[in-house]
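The two complexes that follow have chain A in common; it is paired with chain B in the first and with chain C in the second.
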Partner chain A sequence: MESLSNRKKVVSNKKMSFVESLYLPAIVGGMWITIKHMFKKHNTLKYPEQQRVFAPVYRGMHVLKRDEQGRENCTACGLCAVACPAEAITMVAAERQKGEENLYREEKYAESYEINMLRCIFCGLCEEACPKEAIFLTDRIVPTNFDRDEFVYGKDRLVEQLDNRIDITVRQNTGKRGEK
Partner chain B sequence: MVKVTIDGIEVEVEAGTTVLNAARKIGGDVVPPAMCYYSKLEGSGGKCRTCLVEVAAGSANDPRPMPKLVASCSTPVQDGMVIKNKTSEKVHVNRGAVTEFLLINHPLDCPICDQAGECHLQDLGFEHGASGTRYEEERRTFDPIDIGNKIKLHMNRCILCYRCVMVANQLTDKRVHGVLGRGDHAEISTYISNAIDNDFSGNMIDVCPVGALTDKTFRFKSRVWFLKPMEASRSCTKCAGKAVVWMFGEEIYRVTARKDKYGEVEDNDGKPAWICNDCRFDHKNVSDWNIEGPRKINRHSVISANHYEKANPLENNTKKIK
Partner chain C sequence: MDTGLLIEKTILVVVIFAITLFIATYQTYMERKVAAWLQDRVGPDRAGPFGILQPIADAGKMFFKEDFIPANADKWLFIMGPGIAMFTASMTGAVIPWGPPLEMFGRTVVLQVADINIGILFIMGFASIGVYGIMIGGWASNNKFSLFAAIRASSQMISYELAMGVSIITLVLMSGSLSLGEIVHQQHGMNWNIFYQPVAFVVFFICSIAECNRAPFDLAECESELIGGYHTEYGSMKLGFFLFAEYVNLFISSAVIAALFFGGYNFPGMDHFSGNTLAILGTAAFFAKIIFFIFVIMWIRWTLPRFRYDQLMHLGWKKLIPIAMINLLITAVVIGFNSGWFTKKSAKVKQTEKSVAMMPKAKVDAQANYKINFNN
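== the complex of A and B ==
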């Protein structure tokens, strides 16, 4: 049948000449290509000593934001979990008690909030679905680990620390969001 | 029998039927939304104005159009009446205005509210609501209060449909809550937070179109779209015992009455199948119930998100229970 892609190569079975049957020119030719690459610019980086600069909208590890007063934005509405195509997000909601107004912004909060980073496909739909501007993907990457359980990130690793706030303003003002 | 035309569809109904019920007989898109009307409660309707429709011809004898939009839940049909609901631009604009009015004091706290996902005002706002608000004054606010030990009242969210008052009047023997104040000051309340301890008081939660009255035993437990609604029954001395149990895995998170597509309690042997507080609040073990199978949910509803019609995690269990 005629090839549709026109990329089909017909293999010939012709007999090799004497020089060809020595294989030496072919080996030298192959080595030449290999050695040439040693002096070319490398495509890889020596991670983690060297790190690439990511685009501000890179979709990496999630963060659960706090507001200016340090209260958690997340109210455990469950929209991120229902939007998640990989079903990576689970949460348990709880009611804010009297005296916890400085910890949680709304009367309901997420008692536990877990993202399974092995399930997550970093599509950003959770960020898109969030009505409270609580969850954002950041330009940090999820570190590797030898233990599968370690990839289930709880609130301890997702909620931003008060003394180490994560700036996502560039992300919010880039692209479509900036047009508003 | 009289003939009426709703959005170009002719239907024959008994004389005295309301326009809304005639539309429900046709079903589908021509049914006006209703926030306060509840067919199972006598005297309900006429308050929220969401069901306003245009009457293009009053009757066969007098085919003049009615000058104003009429509330379809409380207007009886006339022979030869021509009604426009979906097809009327006026109705559409008006419904948007009514929605705006209903949302003036209603907080936009759907992410917190337990009713989200099955809230009629949320549906109405989704279809007719504006993206912004023009209201500049302070919204009226109240602290959530407990009425009885099983029901939470968020007065902020109430749209004053009076359905719960009618439940208390018509289903229970003594009503201890009602609407206090008038006009903008009207609020649902009990005198000195009197406990509501009647066996059927829990039905207020089911009739509430918004999240003003919610189940305290289900408060913030889960979101409705994470739960699987299953039809279940048990033998109960007080009620028919036919309910929907909302399950998460093997656990029952809450129990509600079986509600039809208009959010009204379904009939059982010709009577509305209200459920009693025993069934609703106190029986949350799977062993208490005979689980009949998954409840059919409209596929456009968020409740059916991530659920598959045939997926029934209890298929093996139902045999065990029987």
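== the complex of A and C ==
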């Protein structure tokens, strides 16, 4: 049959010649290869002291953004939860009351918003689905924990703090997003 | 025997034992570093600067682990196994000449604990007892994997000791002596045995790797096939002893290779020095050679994959032993030819002349000097 991949090789069990059957030349050849590696530059990062720079499009822990005036962008439309292939996102919507205009940008907001970080596969589809630019994946890593319950992140850990805004401009301006 | 000799030998024994343990300890570090470098990694670098305290941390870990003896194990044999392994490993250092004689307090201190006239046989004997530690340990564990490993180790030892012994006989034929002190002394300057017996060296080198149970001959402790090998059931410092004995063996066999084939403490240009300077430089040269061979054996370990069992036996019985035998035969014939056995006057040639006939002149002189020095 014709090979499709062009990588087909016929295995041959031909008898070794005398020099080959001595093995020693082959062993010396192998040792030459390993000794060359000894003088190569290795790429190890000494982790706690040095940290790797993430790619600008790295998909790590989520953030729920606020706008310039500090109001939450999220309107609890539920598109992210629908888009989520891992069904990691749940939310409860609520109506904005009078006097809460400085907290929520539109009339509807998420009373609770939870992402189960153990279910999440960090695909970024929630971010793509969001019409309000409310949810983004960032270059932060979800920290480890001994307790499974601790991995269900609520609004307290997802919404960005007013005094500690999460910068996602690099992410927004990289690749296809930047071309828009 | 005078008191001075007793004190001198006691100090020498303690120093050599300490050095052996120290080097064996740091071989674990060296092994991990060499492995890392050959595999494009960094290796241990957390404990102390460049990780040099790593062996101490490892030893501490070994000591503080639970000393466990399985319920169905034979208790005394289980304890004896690592003890024998460690004992035999550290015994062989006694007959190795570590350097030229040292002048100290008006005495000539020979840097060799015991220059017994059958030094090589002593080493071979202890190397073969060494496998008892592995065998007893594997047997006493009452575990099929340990038993497999023990059987493998003992058959491997038997197969490779033959070729090793034959290649040593070649050397003994050339040198005319079984004493390590004298064999080393004959290789004065650059007059090393490797230039006369390269084939014997290759056979001996391969066999000594096999005797040390090191990759590619580590069938006795292949974790992928036998869980851990003969020390599957061992933990704590008993396991530590087994692992440690392996490194002591590696050190000693490197020393034997360096002494037999690479001139021991002899180095080119050694005639320009004398007395204590020569002793110190010679010892340094010897240790440099030993460390080089340790490195080569580690290098081989991290290059070659493990032999299959039938390949191991094939190599040992069908290749190494015939090669060693043929080499022995050729050497014997050449020596016989040179000492005139095949001519008519052969019957009158004396014993001593036979053995020195093949040697180059420098060797003959060195042997004569040695006899004068040491027989007085």
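Following the convention adopted for this analysis, the second predicted complex is superposed on the first by the 130 of 180 C-alpha atoms of A that agree within 3 Å, B and C clash if a C-alpha of one lies under 4 Å from a C-alpha of the other, contacts with A are read in each partner's own complex, and residues count from 1 in each chain.
We take it that a residue touches a chain if its C-beta (ideal position, glycine included) is under 8 Å from a C-beta of that chain, and two chains touch if they have at least 3 such contacts.
The model shown is predicted, which means the values in this text are computed figures rather than measured ones.
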Touching partner for A:Glu106 - first (chain B), second (chain C), both, neither: first
First, second, both or neither for A:Leu79, with chain B first and chain C second: first
Touched partner set for A:Asn43, first chain B, second chain C, both or neither: second
First, second, both or neither for A:Ala93, with chain B first and chain C second: first
Which of chain B and chain C A:Arg148 touches, first, second, both or neither: neither
Contacts of A:Lys15 with chain B and chain C, given as first, second, both or neither: neither
Partner chain in contact with A:Arg7 - chain B first, chain C second, else both or neither: neither
Residues of chain A that lie at the interface with chain B and also at the interface with chain C: none
Parts of chain C lying in touch with chain A, wherever the complex brings them together: 37-42, 45, 202, 299-300, 302-304
Residues on chain A engaged by chain B in the complex (per definition of touch): 75-79, 81-82, 87, 93-95, 106-108, 131-132
Contact footprint of chain A on chain B as seen in their complex: 109-112, 116, 219-223, 225-226, 302, 305-306
List of chain A residues in touch with chain C within their complex: 24, 27, 30-31, 33-35, 37-38, 40, 42-44, 46
